[in-house]
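For reference, chains read A, B, C and D in written order, and residue numbers begin at 1 within each chain.
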Amino acid sequence: MTIHTFTPTRYYNVLVAAPPVLRIAPGDTVITTTVDAHGFDAARNQATPPGNPMTGPFFVEGAEPGDTLVVHLDAITPNRSYGWGNTMLAPNVVDPEFVRDLPWPPPGERRRSHWHVDVAANTATLVDPVVEGGLVLPLAPMLGCFGVAPAGGEAISTATSGPQGGNMDYRGFVAGVTVYFPVFEPGALFFLGDGHARQGAGEIAGTGVEISCDVRFTVNVQKGRRIFWPRGENATHIFTAGNARPLDQALQHATTEMARWLQDEYGMSAIHAQTLLGQAVDYEVGNVFDPAYTMVCKLEKRWLPAS
Amino acid sequence: MTIHTFTPTRYYNVLVAAPPVLRIAPGDTVITTTVDAHGFDAARNQATPPGNPMTGPFFVEGAEPGDTLVVHLDAITPNRSYGWGNTMLAPNVVDPEFVRDLPWPPPGERRRSHWHVDVAANTATLVDPVVEGGLVLPLAPMLGCFGVAPAGGEAISTATSGPQGGNMDYRGFVAGVTVYFPVFEPGALFFLGDGHARQGAGEIAGTGVEISCDVRFTVNVQKGRRIFWPRGENATHIFTAGNARPLDQALQHATTEMARWLQDEYGMSAIHAQTLLGQAVDYEVGNVFDPAYTMVCKLEKRWLPAS
Amino acid sequence: MTIHTFTPTRYYNVLVAAPPVLRIAPGDTVITTTVDAHGFDAARNQATPPGNPMTGPFFVEGAEPGDTLVVHLDAITPNRSYGWGNTMLAPNVVDPEFVRDLPWPPPGERRRSHWHVDVAANTATLVDPVVEGGLVLPLAPMLGCFGVAPAGGEAISTATSGPQGGNMDYRGFVAGVTVYFPVFEPGALFFLGDGHARQGAGEIAGTGVEISCDVRFTVNVQKGRRIFWPRGENATHIFTAGNARPLDQALQHATTEMARWLQDEYGMSAIHAQTLLGQAVDYEVGNVFDPAYTMVCKLEKRWLPAS
Amino acid sequence: MTIHTFTPTRYYNVLVAAPPVLRIAPGDTVITTTVDAHGFDAARNQATPPGNPMTGPFFVEGAEPGDTLVVHLDAITPNRSYGWGNTMLAPNVVDPEFVRDLPWPPPGERRRSHWHVDVAANTATLVDPVVEGGLVLPLAPMLGCFGVAPAGGEAISTATSGPQGGNMDYRGFVAGVTVYFPVFEPGALFFLGDGHARQGAGEIAGTGVEISCDVRFTVNVQKGRRIFWPRGENATHIFTAGNARPLDQALQHATTEMARWLQDEYGMSAIHAQTLLGQAVDYEVGNVFDPAYTMVCKLEKRWLPAS
């Protein structure tokens, strides 16, 4: 149960079976940092090129293909006061006829929002652009992108997602949550980054309030537990994440994974599990901006069999 | 501000500009009943053929094409103790490879769940099939299908949805909610039915806990307010509903309608509205079983400009 | 085997079980006319409001729900020299980021192409806008929209399509083709219109070369032959049309209908039919502009069992 | 203009910036071989593990990111007489309700078709399963999967496709065709494999007639020509390939790429290009089995400006 403090010096823009930066054991905790989506760190220095740079990979001893990696998110804390975002909805989340009416910046320009993030006050305050009445939102720090080395020797951009996790941008990935990933490579090779001080569902403007973070997490390994998509649980719910396009297919993946979970691990009959899901399931929309969209399928724990 | 008590004697399986069963004035309240999705009433007699039979249409005086119909759902109360549903996920909400693993009934048979609905106790209890540990869920009565006569002389099946509303199966359509529909025909011609004692998101088993209901609603007309998709509000949120397939397009419709609402009616600049939505929007999944899917786009009222 | 000459005096913008304009018998032929998509006739007078106005409905004696209506397209001939179209791709057929780069007309204006259609020369010549080098294309007259009264008492806009046919905009619906429609209402109630002097696949600019036509067709009824989607055949191929969104679902409908056809009517085993389709199927894209898209699944007749 | 004869000894199951197996110059020709999708060679020995193993990568001198790689397919010839395939449609290409009716093999079994491929006779003859009347189809040898190292350091499975090409399974990739790929890595790093003796559109059974091949191709480099998706041309058409899901998005990519081509390289005005495409475009369906689907957008060369 070692606590490792790890300071990253290089970052990855793909999830891939790269040489690990640290080897850790089941039960170990890591205290580390993540840069923002453009590669800027706590001091607002550009530490690495943009594109959701990842801290890691961390090799978890004993994790083998076919196992499940457990990641408990102990703490996610913005480590600077400057956050940034977009000021326009992504063209793919509005009607095609509405795309021209979006607030496009003048040709050649890029328009960003700038936010003052105050962890003590738990607020993100919009500094620029100035909007009537101002805009102050509560923090809800989350990891936009994290996951493991993918299957089949692939290297998958941190701009998208898949069975390995990745850029799911789900607001439920906050401190206190336990996340499960399928293991495809020895050591699982866990990556993390793309912290958001907060974010609307879907990341429909293409960003949250982007920020560098201090992150603390604890890993474990479930030998021989085979899952197909990222899963998670918090105090009240279990959930599954499907990553694909269209959203219909992401929903199919997440729903199938939830049915499997109930039937294969909770010992519910198919009729029991599916009757329950029909009347009690919930969904949340993760990223709908990237090449792969994310749909989260949720179920309240109180409907699960007593163990 | 008349209160009408209306007992239906015929029902519609399409939303269409049919002869009204009652003419009511803005501000009027209607107390009426709905049969279940198979056409069975409070006494479990089959009053009309199946397929989401609708009570109505109600002609609202003064409502003209280009206006908005306001429907406040005052009360939705199951009026019998018997509810029914499905025991299997719909084939279209799971991975194609998983379809064979669904708990299909033997050839030629149909399998239903039967529920005991106790309004006083606020519970739906699964009576059959018998599942290990039993299943008792809280009630959350809602209208699965309601809306107005569609545009262009169409008659649209109550098995699907569109700009006119229809079979949206959104769990947020509960008592206390105000719903807005675009008016396409003189009098708007409001229909309602398909009550559910409760339902999971998406209606992924193809049914909620289907039941006949007593419904009380109050109408109003907003002259010259032009909307494109159903909208609504409750104590905490405003929301819009997009109806289409794939879910991506439903989300585009709902998001565009929300942006229009903020920009055109709340006087927010496009940059203000879209920066806000990017960091504060939420979504809920309505029906993902029918030909058209439903996505609901939500925003907390506390982020709206003070009026 | 009567030949009826029918001159329409009213038109429909929905497919619906309307009172028939003419009752015809199996084997009968009808010679009639269609107005263009905006309701203009051979003399360029506006005969009826726009929106794919339909000639019909024709009641075919003996056609009952569960039967199949056979329509042989004997002749489709533009009956004036003026055709029109759009000069811009539809926003929904290009990447969302490309929508702003389309050649939008100035605000408040509409831009049309104007074509000189010469049936004798078999050419459509672009008159306006003037483009470098000019543009002369061969004619390929087709019906954009035709079909029968839909199921369930629906009235479906001629702007879209479904099991009943409708606005499929498939370039294969030319003279010489035999089309099969499921019958949902007594008499089938056949409608036709929306002639195009020619059209690219997908109707991706939202129009073909729109024109009024003289049409001649011959009907028949296949008692007890139950089909689910429009089917057709020409000299070389049999084909099925699936109508839905996304295109993936249209393809599923068309492919399933083709498999059923081979297995249920041609007596092929499922393995035979599906092995053959895997190595010999072809697809064509119908309308990808309307609410429902159209995908056509084709198979060369030479691979069918000798009858 | 060297002609290289290259015998592969290792294969790749991802497109990735791997060390090149051969460096070749613009204008050079390569004569090489490909194994079948399961890794079996001309002698039916398993040379490498399954999953569309690729021959290559070939480093093309002078190709830099932002350039275009030109690959002329000189010859694709099956180099053995044994081909294999599937005997069942893929579950994702039929209606969800039809999945159970597919000819699934008994649990634990896999069912393949076996074909006798006769290059001299130009036929593929179905040997097993035995079907009534037999099945003999003409050969149409093609490459199912080929492309270049992807952008951003990704390694993309040869089971899918993207801007880099990959498993597009388009029947138009036959001898005589010239294909253009965007260059993302120095030397482009060209891979090829997955030969099919023939294939239906869409690869809807999940395979063509899978076979090892002798392939001859000639490369060139177009400096500074920036394209976004694979393009191609044959004697009669130019075409573009979009790779994504749903098919709607693949169509958007391909159509946008075609509009860019006409406008940016053929000097057509946007109105000219889009008016022409509206009335003359064609589409073909590539792979609809893999994670990313392929849609090909085609235009006859006779409508292009004289150069």
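Following the convention adopted for this analysis, contacts are C-beta pairs under 8 Å (C-beta built on N, C-alpha and C of every residue); 3 or more make two chains touch, one makes a residue touch a chain.
Source: prediction; values computed, not measured.
Chains touching both chain A and chain D: B, C.
Look at the CA centroids: the one farthest from the centroid of chain C belongs to A. Of all residue numbers used at the contact between chain A and chain B, over half are used by both chains, marking a mostly same-residue interface. Each chain gets one centre point, the mean of its Cα atoms, and the points for chain A and chain C are 46 Å apart. A separation of 32 Å divides the Cα centre of chain C from that of chain D.
Chain contacts: chain B has residues 92, 96, 245-246 touching two or more partner chains. Against chain B, the residues of chain C that register as touching in their complex are 13-14, 16, 51, 152-157, 159, 244-246, 249, 291. Residues 85-89, 92-96, 98, 101-103, 111, 113, 124, 126, 129, 131-133, 135, 137, 198-209, 245-248, 251-253, 255-256, 259, 267-272, 274-285, 288, 293, 303, 305-306 of chain B touch chain A in their complex. Here chain B touches chain D in the complex through residues 90-92, 96-97, 99-100, 104, 246, going by the rule given at the top.
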